[in-house]
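Presented sequentially are two complexes of chain A, the first with chain B as partner and the second with chain C.
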Partner chain A sequence: MISYMDLIQNCFYSSTKWSWDNTYEHILETPRNLLHFQIPNGFSIIASNRNTKFNYSSINISQIERLEGSLSYLSTSTDLDKYYKPSSTLALNNILQGYRNITKEISHGDTIDHKPFLLYGKIYFPSQFIEGMIIKRFTPNHQLIVKFVNTPKLNKLTQTTSIFTFYLQRQTENSSHDFIYSTREALFGFRCLYHFNLDNSPSTFPINKSTYISSKIRKNYTEMNPSTLSLGCELWYSVGSVSPGVSIASRYTTYIDTMRYLTKSLPSVYSNLNPIKSIQSIPYAISCIHPLTFTFAVNPLLGTFESTYAIRSDAYFKTNSINDPENSQNKLSSYIAKMGIVLSSKYQFNIYSYDSDLIVGAQILRSKLSEVKQNDDERSATKSDTFDGIDKSPKITEDMPHIGKQNVVYKVSDKEYTESNNINLLDVSESFNDSIVGNKTKETNKALSEYKETADEDAYITSLKISGNITKQNMRVAWEGKFYDWFVSSGVSVDMKGLDSGPRILKYGVEFSYIA
Partner chain B sequence: MNLLKIGLYYIIPLLLLSITMAGLNLSEESKERFSNLFSSAQTIVHYGWLPFVIYLGWSSTSNSNKPNLVSLLSPLPSA
Partner chain C sequence: MSFKLNWNAIEKDSFSTYTKELLEEALNSGKRPSILSDEIKIIELNFGTIAPNFQILEIGDLGVDKFRGIFQFKYYGDAFITVKTKISASLLKNYNNNIDEKLEFIKPKFIVSDCDFDIPLNLTLSNFQMSSIIIIVFSKSKGLTLVFKNDPLENIDVNSTFDKITPIANFLQKKIESQISDIFKEFLPSLLYKFSLKYTTQSFDQFHKDLLIEEQEDDFNKRKNKILLKELDPENPFRISPGSLMRSTRLSSIRQTLSLGNGIDKLSCDRFNKNIITKAYLNIIINNSNNFSNYNRIDLNEEDFNYGDINDKLGFIKNFQNKAFLKTSNHKPKRRVIKMNVKKKEINESAIIDEEEAVEDNIKSIPMNNSESMSRRLSRRQSSIPSSTSSRRPSTIKRTLQTNEAIKLTTGTSTNDTTNPDEKEIRRRVAKLDRLVEQRKRRLNNNNNNNNNNNNNNNNVVTAPPPYSL
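Showing the complex of A and B:
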């Protein structure tokens, strides 16, 4: 679970169109979140508040071995109204650290009309240790980050206890460069990251031929490339200790894009005259295309190789029960819940020592149960309802050249399909509302309004993470959830090797967080 | 905004200069001066940083929405 100040920083990046993922520093973020996730230490309570439109504050009181705390303040020059939410309305998804969908949020100079900045400070008690940060955007693609720490009680030592680190970052749509300097041992660093969009062939995208599709949908299409390969490296050199450092990493990630898959895989179903028909006619078997992330990192100096793999899947679970047996209309209640499962693994190997290690992990997410009431008439009407007469039978999967029957994990519902394609559907409906008025549009709007009504209900409310290290025989378990307006995070780290007394608990804790 | 410029253009470079100069071969008197300068700047930044952050956000707020001091400083929602 990210901290409150990290949440505000993410809001700041979102409002100023800066991509948090587009840097070499975060290229291994997905396996890091799934395998090396943080566990709260001890018991802590965090209360956060938005004091003014540009002021944010947070207080943390924790009991580990003794009572400790911290007080942090943040101010920005940007109004974050569009992205900031209190915990009463903030979904757990926004603060969970898990599988990351790589999307592009690069500003092209048309969204930032000033040079925004963000200032942050945090002081710890009773140590009075202070940390601060300045983020200053000079141009839409350049920003400077200054981070510093200071420990006043160690000032009597000969070595300075103030450390400044400067990051000059540059981002473009397909690359990012970081120049780093730290006053600690005069450390110089350079990071670069390049993205290569695989299967990026707009000429084969049939929507381009349609005059009904707005430019917005094309933008979404390009922002959600199904396959992206990222390559990067980092170079370090410490003048103080005369020691270099280097690492190279690559990441291959896919993004579920059913519309692209649809248009490429089923050209016979697609119709230029009615794209909605083609979209809504394929609610089956699309779920077999799961987002996945594969990374490979090398450190030549240390001789370590590590590869990670992560895959995410979502599924709906629906139960039917008679809710009101005394009712003569025989109303049925259906409870539907969304569950997400993320699996990840990491293999490490050292070419010098021949040591190897395997870490496996999983994350299980669940949304709250939503009740869906339908009477018999509506159910029969729903059953007979088809989208413009196109049969939604599973025989569509037989026509898919890229999907084998053995790969079809489950059959998704129309609701899930509608939600997974909500962006595309919204865009298509916007473009069609201007040009088409009729029953088809009304039906589409009805489906969209139903989706909007139920969108909040699909937010995840609990998350369970488990990871295990095969060689070291360590296991980490973390549970995060939302209880009323409070975010609760708990976890435990266990050494399974154990002694005679059995497994040994290395770390455990519970954390409560409230955002006003 | 002026305070931000002061912080960016004066205090931080002063600190960096002090850190850099501390590693050079200087006379004892110059070393002592830089040491005093550095410790003073360090103390100013250490205890002035949080008020500086709060002031910048507060100054950006319009006059009609400026809260009282307790509401400005308190991270608790009821204040």
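Showing the complex of A and C:
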């Protein structure tokens, strides 16, 4: 889970149209989040609050070996209303670190008319360390970040440490450059990153090429390109300790929405009654196209290769089960939920020392289980509305009562999910249908995009991450979730080969976070 | 005073594995320096064949279960230790690790520039040369504490897998030299403390017994003729009373000094050092050898009685005794006077056999000067009755004096009148007495000869008295 400072920084970037992912620093963010995720240490409670429109504060109390804590203050110059939500309405995916869909923020003239800044300061107790950050945007494409830490002299033995780091960043649509300077041992760094859009498919199925979207509106919201190749490199040199460092990395990421793909490519029939063309449910669907991220990084100085692969799949699932005998109506009640799974792996190899490493990880996301209250009439009506050769499962379960109506799980479409979940954005179902047919309005399109985002991502409330290192025989498990208004994060790191006594717990912790 | 250490005892498996474990645990304890990316493992620990040299400078406190002393410690041996670890050669990773781990915020997030890159390192430390003054405090309950008073290390050889790269090899040598003396000062005492706690407090007595058993096994062949202290009291082998400790120290210190058997006349030659002959033994030898018999003795034999030299010899003896007596006292020696031709006493046959007792009675009734020794008493008795039989000294056999004539006992009386019939009677009695004496003597000589023949010794060489055993 990201810290409160990172959350505010994200909201700041979103509201000022700065891309979080468009920097070399975050090129390997997806595999890092899935394989080298952080585990909280000890027991800690974080309470955060938006004091005023521009002021935020957070306090953290934790028990690691002894009672510790920290207090932080943030201040921005822009209003983060649109993006900042308290934890009661904040979705887990904003806090959760996981598979990142690479979005590209497109900035244009009229959105930013001032030079926003963000101030951050934190003090730790009892060690009295101070850290702070200033982010200043002085052109739409240029930004300066200054980070500093200071450790005080508590007794005669300790030395004060004061480190400043300057990041000068420049971002455009297809590239990004960073210049870094740190006062500690005079470290100089340079990073650059370039993106290439690879449209490897005809214009039929990318979502932004649908007929209902006009070109003007297209620029107003985020695009998700089907595939992107990013290439970048970094150069470091520390003058004080004469340490050079070089690395080159590339990332190939695709985003293909399974449902849309299948909608477009599978045969469908328009019926006269209802010109809606939709796929209701695909039982036993083997969706073989999922968003994936493939990265490859090299350190030519030390001769290390690192390649990772991550793939994500999520779908809605519906179960049919016989109702309780108490219910007199004895109708079929079904539960619908969304589940996502992300699998990733990483392979490392060093050509000089022949050290190799294999790490595999998985993330399982689950949403709330919500009951679908349908009566048989409605179901049959919806059934008859559509003619779809694929939609067979309700028929199957009804025709074959002897199989048992309990545990058939099958995927459902977005439409059915949103219908049953009563997502309260707009009248989504109708707007969805309208848009398919061809009625296009700016609002619906916006609603569509927003709906898509939120419906896709906001659904999850729990996430379980597992990652195991094969050669070092470490295993990390992290469970994160939203529990009423609290975000809970817990984790444990186990050393499987241990000493003589078997598995040994290296690190464990629980963290509770509340955002007001 | 220095010690001889049984350094081979250290080569036992259990001890060396225990030490290796302790050493590994100590090396890996605490926060690992960021340059090492793996724990330190000991591949080999060899104590070498040469023992360190301890010399006692001072002993402060000595008790049954505690001990404190200052020693001089020298070690010029061939012990060596080989350790294995991994060094992180990823420079930017070391850069990040050198920043305090709480300052994660400021650490630059390197992308693969800080990947792991470990170089294994084998390090061998050998050829230790150490010399120092150490203070050892040992107590049964608290174990052993060792403190180095000064820097012990004089030389150490460092060999590693980086030997071919001279700058790194030099750096390692300097670094280790500067650190190793700190390690010795801190680490060795704690190691010995833990070791001592393990081996002594649990079973102090058992420890002693183990030590004794080892010693016995090693030196069994060398110690055939010696009796060990533990044989006196196997249960408490080192428990020796202060009195007997003093006696045995006195005995052993006597051996080391120049005085020979001073006052201890039973002690013959030193069995441990055959070059030393005590005075008592020498006297015995001389007294029993025929060759030297004329030097210190005056024999009164039969011819003297026949040809009249007895008077001169007796006079000589008398003068000698007077001189010896007069050295220590101021008045004249009192001599017993037996008057001849006294009619009161009648000498009869039966009285001859009892004569020894009569002589004894006489001796007892003689008022004697207290300063006279037993030897003088005997010699007086001998001069009063020259026909003494076997000597009062139990371990020596002397040739007896033989006299045929009556005894002239007073100092001035002449012994020349022979025509008295009483004197004839006396002479006859005395002759008979002599014959008896001679028979007894012959018997004894025969026994002595038999003994000598059995021992394959010369007749005249006296056997050594049974020795004192220590």
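Note that in this section the second predicted complex is superposed on the first by the 375 of 516 C-alpha atoms of A that agree within 3 Å, B and C clash if a C-alpha of one lies under 4 Å from a C-alpha of the other, contacts with A are read in each partner's own complex, and residues count from 1 in each chain.
Following the convention adopted for this analysis, contacts are C-beta pairs under 8 Å (C-beta built on N, C-alpha and C of every residue); 3 or more make two chains touch, one makes a residue touch a chain.
Computed from a prediction, not measured in an experiment: that's the story for all the values here.
Contacts of A:503 after superposition on the shared chain: neither chain B nor chain C is touched.
With both structures placed on the common chain, the touch criterion links A:42 to neither chain B nor chain C.
In the superposed model, A:481 lies in contact with neither chain B nor chain C.
By the touch criterion defined above, A:117 reaches chain B but does not reach chain C. By the touch criterion defined above, A:149 lies against chain C but remains apart from chain B after alignment on the C-alpha atoms of chain A.
When the two complexes are overlaid on their common chain A, residue A:127 makes contact with chain C while staying clear of chain B. Within the superposed three-chain model, A:58 lies in touch with chain B and out of touch with chain C [touch as defined at top].
When the shared chain is aligned, chain B comes close enough to touch A:71, but chain C does not. Applying the stated touch rule to the two superposed structures, the overlap between the chain B and chain C interfaces on chain A comprises residues 148. Residues 24-25, 27-28, 122, 124, 127, 129, 131, 133, 147-149, 151, 161, 163, 165, 180, 182, 184-185, 187, 189, 234, 236, 238, 241, 243-247, 249, 297-299, 302, 304, 306, 348, 350, 352-353, 355 of chain A are the ones that touch chain C when the two sit in their complex. Looking at the complex, you find that chain C touches chain A at residues 89-92, 94-95, 99-100, 102-103, 105-106, 108-119.
Chain B contributes residues 4, 7-8, 12, 15-16, 19, 22, 38-39, 42-43, 45-46, 49-50, 52-54, 56-58, 60-61, 65-67, 71-77, 79 to its touches with chain A in the complex.
Residues of chain A that touch chain B in their complex: 47-49, 51-59, 71, 73-77, 117, 119-121, 123, 128, 130, 132, 134, 136, 146, 148, 150, 152, 155, 160, 162, 164, 183, 514, 516.
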